[in-house]
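Next up: the structures, one after another.
Presented sequentially are two complexes of chain A, the first with chain B as partner and the second with chain C.
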Partner chain A sequence: MNNTALWYTTRGAGAVSLVLLSAVVVLGVLSTLRFESTSWPRFLTTGLHRNIALTAVVFLALHIVTAVVDPFTHLGWLAAVVPFSSYYRTFWLGLGTIAFELLLAITATSLVRGLIGHAAWRAIHWLAYASWPVAVIHGFGTGTDTWSGWMLVIDLFCILAVSLAVGTRLLVQSPDPLADDRARFRERVSRKVTK
Partner chain B sequence: MTNLSLFAGRPPSAGAESFADHARRLGARPAGNRALIDTLDRSGLVGRGGASFPVGIKWKSVLSRSRGAAVVIANGAEGEPLSRKDQTLMALRPHLVIDGALLAAEAVRANRILLYVGEAHRAAVAAMARALAERPAADARRLILLPAPASYVAGEATAAVNFVNTGVATPTATPPRPSERGVDGRPTLVQNVESLAHAALIARNGDGWFRSLGRHEAAGTVLLTVSGAVVKPGVIEVPCGCTVDEVLELAGGVRGTARAVLLGGYFGGWISARQAGTMLLDPKGLPAAGGSLGCGIVSVLDDTADPLEVSARIMQHLANESAAQCGPCFFGLRSLSAATTRLAGRQPDHGDLPQLHRWAAMVKGRGACRHPDGAVSFLQSALSVFESEFAAAAGARGRKAS
Partner chain C sequence: MENANANDSRIRARDAATRMLNRITAGVAFGAIAGIGLVGAVSAYTIPGVVSSTQGATAGASTSSGSTSSSALQSSATSVSSSSGSGITVSGGS
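Let's look at the complex of A and B:
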């Protein structure tokens, strides 16, 4: 494979990762909103969230590996692991490293959720809200195609979709269909206060 | 009632054994320590609350985290509607249970003991309260009697811990398990009262004695609640490893003709009467034979009862007892119970029977606790043992049958 192919792969995989990760964030938010319709059952949201997230990890791996092995960049493996250790665009590349490592933590804890417990998993899953914006800024800062029209459209579309989802999440109380039944049951099994 | 070990001594009509009688009959309680845990390990004693988990292993895991600040919960919530054995044991031999709780606390180095007793079990609560008053002050100081709410899941280990912590007996997700982080965040041993009573006798008589009580390589004795179509329903103590037929004989025999036996309770399963008779009641061996001893329920269904109606009633109960914390449990059990009820009324909707099979598989493993799993395995046993009845009911002209 020649150097040009590696470089194009890095850029392409980066753009694809952005789209996939944005979709993952939107689906994650939709699942907390318990979004559903007759043609979109709830398990579809969580199923897609999981599978697209795993696909995104693959594209990110491709994005990172091709960038590192490209002899033209001389990035080295250290830059892929240690944030802000790259001689080249130290800051912007460092953001990418951070975003990826946050994502690895989120993915790894999701795969062993049964072992670490729901509370720990959830705490780490909140890092998604840090990982995604850092990744977007990384793309803006160092992307070769940042100012091409097509990339701008992709960026704009992703940012809009995520903002819309997160905005809805902030404004709309997530409806809990079990709230009443749970309250009734908890009342039944609660310690009676003796008079 | 057979009086092998737990119920040895005066007959049940004499009521609760006093502390003086208890001490005279059995001698002083030995100390609980690490050696006792090894003895329990060798004895083969497994938990009698339903899960049949080895007692020695459980105590060891609490001890390893204890640092002298563990908590022991003696679990006598007994929320299983068919079970009477825990309340009977507490009502007749409260000091065996208290001995076991004290031994457990010493062995796992706990400084707090809670006697968690189902509030609906009046005789048991009264006997335990009286027994506490009879104890020397040094013992009584370490023990607190805590009435448990009357509900099916209140006796689940995480629900018991949650009740002590927050005053609400709903199960919580694991991990962390109670043995890791329980009451006030401390390692907590939640142990069924019958298991504790066995431990109190094993501490005195040794592991060899306990093993010798069982038959066919099973260890010890077990308390059973026999109900349904038998002449003398009630609580009996039998050697582990005896057959279902022997148990039914002790209960005065079957009234009429047995169609099936419910083993293990609402979380157990139906076994056809033909198969059940020769099955060995051994908590370790039963799962391999397709049964489960659960919390010691043996309930006989005769051939005049409608197995679908009885199964539907049990499903309704289990659906109502969902704590409404997890969607698959709450909605799943409600749908399963509704479909079972329609089939039992011989007015099924189109596709109810295949739906039951499909939904049952979808609900398993999807709750914070094992409540949905238990309900589903019960339903699946009904679907298999009463296959022909279910098929006939599904063929009945339904409201929306095509």
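Let's look at the complex of A and C:
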């Protein structure tokens, strides 16, 4: 594979990863909102959220590997691991490293969710809301195609989709699956107290 | 009997949804691979990194003072290249 092909692959994998990450965020919000219909059971949303997140990690890895092995930039593996250690576009590449490491933390803790407990998993999962915008800013800062019309359309589509999902998340309360049980329990407790 | 029927229909619905999950996941994965090819091709077309020279420039790092002349933006000898005329990134980056 020549250098130019590596460069094109890096750019392609970066754009595809952005789309996949945006889909992951939207699906994550939908699963929080417990979205379901007759033809779309709830576990389909969570299953897709998990599967596409793992796919996104693979494509992000491809984006990083092709960028590192591209001899034009001589990034080195350290830049892929340690944020802001790259001599080349230090700040923007550092943001990319941070976004990827946040995503790795989210993915790893999701895989061992049973071991670390729900509260810790949930706290780390909130990092997704930081990882996605950092990745978008990384793309705007260092992406070669950022100001190309087609890439602007992709960026705009992703930003709109995630904004809409997050906005809905903020406006609509996540339904409590135990609401009825809690109400019955409170009622029983209050009855006993009044007796 | 009614319970068994209800359970059967639930199992069938779950199986169908699981098949749908697998199909969508496979579709997304193949779509993503195709997407890399497509985006790579479009990006190569819009910002190719290599512009053919009409003046036979052979130097890797070449500049052109005239706005109408074109120069080799990326030579085969070295990867460092620039052009004062085009003002675009020619290689590297992401």
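The working rule: the second predicted complex is superposed on the first by the 183 of 195 C-alpha atoms of A that agree within 3 Å, B and C clash if a C-alpha of one lies under 4 Å from a C-alpha of the other, contacts with A are read in each partner's own complex, and residues count from 1 in each chain.
Methods note: a contact is a pair of C-beta atoms (placed from the backbone, for glycine too) under 8 Å apart; a residue touches a chain by one contact, two chains touch by 3 or more.
From a predicted model like this one, the values you see are computed outputs, not experimental measurements.
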item	value
Chain B versus chain C as contact partner of A:Gly117, first or second or both or neither	first
Which of chain B and chain C A:Leu33 touches, first, second, both or neither	neither
Touch count on chain A, higher of chain B and chain C	C
First, second, both or neither for A:Trp150, with chain B first and chain C second	second
Which superposed partner A:Asp181 touches (first chain B, second chain C, both, neither)	first
Touched partner set for A:Tyr88, first chain B, second chain C, both or neither	second
Which superposed partner A:Asp70 touches (first chain B, second chain C, both, neither)	second
Touching partner for A:Gly12 - first (chain B), second (chain C), both, neither	second
Touched partner set for A:Arg191, first chain B, second chain C, both or neither	first
In the complex, chain C residues that touch chain A	13-14, 17-18, 20-21, 24-25, 28-29, 32, 35-44, 46-50, 74, 79, 89, 91-94
Chain B residues within the chain A interface of the complex	149, 151, 153-154, 159, 163, 167-170, 173-176, 322-325, 327, 330, 368
Complex interface listing, chain A residues touching chain C	3-4, 7-16, 19-20, 23, 40-41, 43-44, 47-48, 51-52, 55, 59, 62-63, 67, 70-73, 88-89, 93, 96, 142-145, 148, 150-151
Of all residues in chain A, those that touch chain B in their complex	115-118, 177-178, 181-182, 184-186, 188-191
